[in-house]
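Given below, in the form of C-alpha cells, are the structures.
Look at the two complexes coming up: chain A is in both, with chain B in one and chain C in the other.
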Partner chain A sequence: MADDFRYAQPKQYQRLFLKDDIRPDGRPVTGCREVKIHCNTVSSALGSAMVCFGNTRVIAGIKGRFAEPTINNPSSGYIIPNVSLPGLCNTKYRPGMPVDKAISISHKLESISTDVTDLMELCIVPGKVVWCLYLDVVCINDDGNVLDAAVLAMTAALFNTWLPTTHINEETGLVTVVPGGEKTKMILKFLPVTVTLSVFDDVTLPDPCESEEQIEAGTVTCCVDENSKMRAMWASADLPDDMMAAALLYIQKRASVLLSVLRKVSQRDTP
Partner chain B sequence: MPDPKRNCGPEDAIEPPVLYTEKQAGKPLDKNNKRSDGRKWDELRPLYMKVGIITKAQGSVYLEMGDTKTYSSHLRTKEIIRRDEFSLKGKVFCEFKFMPFSRIHYCEQRQSFEEKMISKTISDAMEGVILLEKFPKAQVDISIQVIQDDGSALSLALTAASIALINANIEIKDLVVGTTLRFFDSNELLVDPTIEEEHGPFSKYPGGAGFHMAVLPSLAQISSLKQTGRIEQSQARDCIETCWESCLRLATGIKKLLKEANEEDVQR
Partner chain C sequence: SSGINAEYGGINAEYGMYEEALEQTCQQIILTSQHPRTSIQVIAQIESEDGSLLAVMKNALCLALMDAGLPMKAMFAAVSCVQLENDELAWDPTLDQEDEATAKFTIVYECTKNHAIFVNCTGVTSVEQYVLVLQKGRQVAEEVFSFYRESFEKLLRRDVKFQMLLPPIIKDEIVEPE
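Moving on to the complex of A and B:
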C-alpha cells in the first residue's frame, strides 16, 4: 500500500518523510550515499575509472588517437568528452540517439574539461600531430545524480591516464607509438568535482536518487576543485540567499570528502 | 560524418600506428603445449558472475571471463503500440554495444555495422529460446554493453543475455551458453581465445577459422553458430564437437553460480 501511495502522490510521500528529517531511502536530510571508486578497471583504455554513488554506477574510459591540430592552436591537443546513457541503465532510456539528459551532462563535462589539463602537453609534433583523447563516460545504472558520478569518474580517469611514448621517424616524419614502451602520466592542473543539491519545497537534498530527481523543483550544481575554487555553477531553482550560502558551504565540505576518497583510491589502484 | 548530438572530435583523427620492431609472429601453442597466458588448448578462462547488479532493470548480470567484461540487462517487456505490428507472438529486440574504450581501437558511440550484426545474431538466438507465445503484442528488450573485449565477446554477450533473462524471470526454454574457438592451419585448436588469438582484425596469428557456437545444454540443441575463415568439412566437425563440450562445461559452472545466487536471494 505504501508503494501505491508513492506512485500516486510522490510529493506527499516525500513530505511525510521530510517532516521527520529523513529521506525515503533512510538517509538523513543532509546525508549522501556511499561513494566507491575503482581506477584502472579497463586495461584496453589509457585510463579508466568506475564510480558508484550507492546504486548509480558510471564507468569512464579514455582512448587516444592522433589528429591534426587546428590552425589557431597548432600545439594544442583535444579532449573530447561524451556521456552516454544507454538503454541498459534505466528502463526510461531507449537505444539510439542520445537523450537530452546525456547531451546536457556532456556539455557540462566539456565546459569543465577544457581547462583541466594543459592541452600543450598533448602535442607531439607542433602543427602536425597531436593527441586527441576521447573521454567516454557510460552510465551502467541510473539511480539519480549521474552528473556528479560522471564528473568524478572523468577526474579519476584523467588522473590515472598514462600516455604512451611516441617515436618520430626522422626520414618519413611518421609518428608511431612504441609498443610496451614507457608511459608518461598525464598531469592535471586541478581536480574538478561536482556536488549536486536537489531543491524540494525549500529544503536542499544533496545527492538525489532517481525518485527524488523526478519530483524536485530544481537543482543547484557546483563544480569545485581541490583548492576550494569554484570552477562552474549551474542552478535551475530559485533559492533564497541564506540557503544558497549554506548550500555552498555544504558543497565545499562534500567536495573535499570526494577528493580525499579519490586520492586514496588512486594510490591503491596504481599499477 | 559529424553527429550533431554528440561531441565529435576532429574528423581526420586516426588510430596511433604501432610499429613493432621485432618479429612478433609466434606459434599459438609453445613447446609445452601452453598458450601465452599459461592455459592449455581447451581450458576456459576463469568466470565471474554477479546477477541483479543493475537495480533499475528487471533483470541484469555482470559477466567476466578473463579480461572480457560485459554487462547485460533485460529492461522491460513493453507493448508494441503500432497496429500493423500486432502479432500473437512477442518480438525480441537486442541492443549490443562495445563501449568506446573497450577494444584496441576506439569505437564510435553510434552502433557500427559489426555491432548491428552481433545484435541481430543475439536476438535471433534469443527468439528460439524465449517462450514468445506468452508475450503477445509485446517486445522483450535486451541490452548488452561490453566494457572490455579481450576475445570471445559475442559468446559471452549471448550467455550474459540469457542469464539476464533468467534473473528477470522471463520464461525461457533453457540457458544459452556460448563459447568461441579458434582453429589454425597447423591443426591446432584454441578454446576461448583472447583477443590476440581470436580470428579478427587484432589477431596475431592469421589464417585458419574462428567458430562461435551457442548451445542449450539441457535440451542438447545448438542455438547459434557462426564461422569465419576457411576450414575443411571434417575439421569443422571436430571444432563443433569441441565447442559443444566446452559449452557444456561452462553451463555446469554457470548453473552452480546461479543456484548459489538464488539461495542468497532467498536467504535475504
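Moving on to the complex of A and C:
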C-alpha cells in the first residue's frame, strides 16, 4: 500500500514524512547516513579507498603510469580522474557510453584535484618522463550522493598513495620501477571533502538517498578543506540567502566530521 | 539538452560543465509542463571569448528563451566575479584577470525574489568571501536586468502594436551656443 503511494506520488510521500521532521529512511531532517572508509582495498593500486555512505559505495584507485609531460608543463606530472557508474550500481544505468552524471562528477573531481598535490613532485625526468596518475573512481552501488562519496574516496585514495622509487637506466634512458624498493608517501596540500544538500520544498536535506535525488528541486554542493577554506561551490537551486547561510554552516560542520573519520582510518605511516 | 560550440577547434571537454550548467538553469526556469513530449535543445555558439564566459552564456540563454517565447518562471541574469591575489574582487573579468585569479564565481539571480538560482565557484576562497559576493552580485545583476529592459524596449519600439505601451522618448532641448 505504502509502496504504491510512493511510486504514484513520490513528492507527496516525502512531504508526509517531512511534516513530522523525519525522512523516509528514518533519519532526522538534518541527519546523514553512516560513513565508512576502508583504505588500501585494491592491493594492485598505488593507493585506493572504498567509501560507504549507507548503501552508496564508491571505490577509488590510483594507478600510476609513466608518461610524457605536456609541452606547457614539462616538469609536472598529472592526475586524470575518471568516474564510472556501471550498470551494476543502479538499474537506471545502461552499459555503453559514460552517463552524464559520471561525466559531471569527473569534471568536478578534476577541478578539485588540480591543486591537491604539488605536481612537480610527480616529475621523474624533467621534459621526458613524469608520473601520470589515473584516478579511477567506480561506483559499486548508487543509493544517492555519489559525488560526496567519490570526492571522499578520491581524497582517501590520494592520502594513502605511496609512489614507488624509479630507476633510470643511464644507457637506454628507460625508466623502471625498482621492485621491492622504498616508497614515498604522496603529500597532499589540502584534504578536500564535499557536502551535498538536496533542496526540496524549502527544506535542505543533507546526504540525499536515491529516492530523494529523483524528486529534488535542486542541489547545493560545497567543497571545503581541513582549514575551512572553500575550494568549490556548485548550486543549482532556488535558495534564499538565509537558507544558504544555514546550509554553509551545516556544510562546514559535516566536512569536519568526514575529515576526522578519514584521519582515523588513514593513520598508517608505512606502505 | 544543450550543446556548446567553441570558437575554434572541435569538441571541447572543458565545456561539459557549462553544458550541464545551461541544462540545469533551463530545467529550473522553463515551464516544461506547458510543452509535454517536447525536447528543447539549446545550442551556444561562442563567437569570441574574453572572460566571464559562463555568465555571458547564461545571459544569452535568458534572452534567447524570451525571444523564443518559451514560458519561463522568471527572467534571470548572471554575474561573474574573480578574486585576485590580495583578496580583491573584480567584477565582469577579462581573460587576463581570470588567469591571475585565485577564485572565480558565476552566480545567476532570478528577477522575482532576487534569489540566487545557480552558483559555480572554483578556486580557493572563504565562506565569508562567497557570502559577500552573493550579496554584492545582486547590484550587478540589477544592471543586467535594466539592460534586458532597454534591449527589449528598443526591439519593441519598431513594432506599432507596442508603441502605445512604451513610454515616449523625450528629445533633449537644443541648447543654442552663445
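By our rule, the second predicted complex is superposed on the first by the 267 of 271 C-alpha atoms of A that agree within 3 Å, B and C clash if a C-alpha of one lies under 4 Å from a C-alpha of the other, contacts with A are read in each partner's own complex, and residues count from 1 in each chain.
As a convention for this text, contacts are C-beta pairs under 8 Å (C-beta built on N, C-alpha and C of every residue); 3 or more make two chains touch, one makes a residue touch a chain.
Every value quoted in this text rests on a predicted model; they were computed, and no experiment measured them.
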Room on chain A for both chain B and chain C (clash or fit): fit
Which of chain B and chain C A:M244 touches, first, second, both or neither: second
Larger contact residue set on chain A - chain B or chain C: B
Contacts of A:D142 with chain B and chain C, given as first, second, both or neither: first
Touching partner for A:I62 - first (chain B), second (chain C), both, neither: first
Angle, in degrees and to the nearest 10, that opens at chain A between the C-alpha centres of chain B and chain C: 130
Chain B versus chain C as contact partner of A:H167, first or second or both or neither: first
First, second, both or neither for A:I103, with chain B first and chain C second: both
Partner chain(s) touched by A:N82 [first = chain B, second = chain C, both, neither]: first
Which superposed partner A:Y134 touches (first chain B, second chain C, both, neither): first
Superposed arrangement (fit on chain A Cα atoms) - minimum chain B/chain C Cα distance in Å: 7
Chain B and chain C footprints on chain A, overlapping residues: 103
List of chain C residues in touch with chain A within their complex: 16-17, 20-21, 24-25, 28, 110, 113, 115-127, 129-131, 134-135
Complex interface listing, chain B residues touching chain A: 5-10, 12-20, 53-58, 60, 67, 69, 71-73, 75-76, 95, 97, 99-104, 106, 109, 111, 141, 143-145, 147-150
Residue numbers on chain A that touch chain B, as the complex places them: 41-45, 48, 55, 57, 59, 61-68, 70, 78, 80-82, 84, 86-91, 95, 97-98, 103, 106, 110, 132, 134, 136, 138, 140-143, 164, 166-167, 174-179, 210
Residue ranges of chain A touching chain C (in the complex, touch as defined): 100, 103-104, 107-108, 111, 115, 217-218, 220, 224, 228-241, 244-245, 248, 252
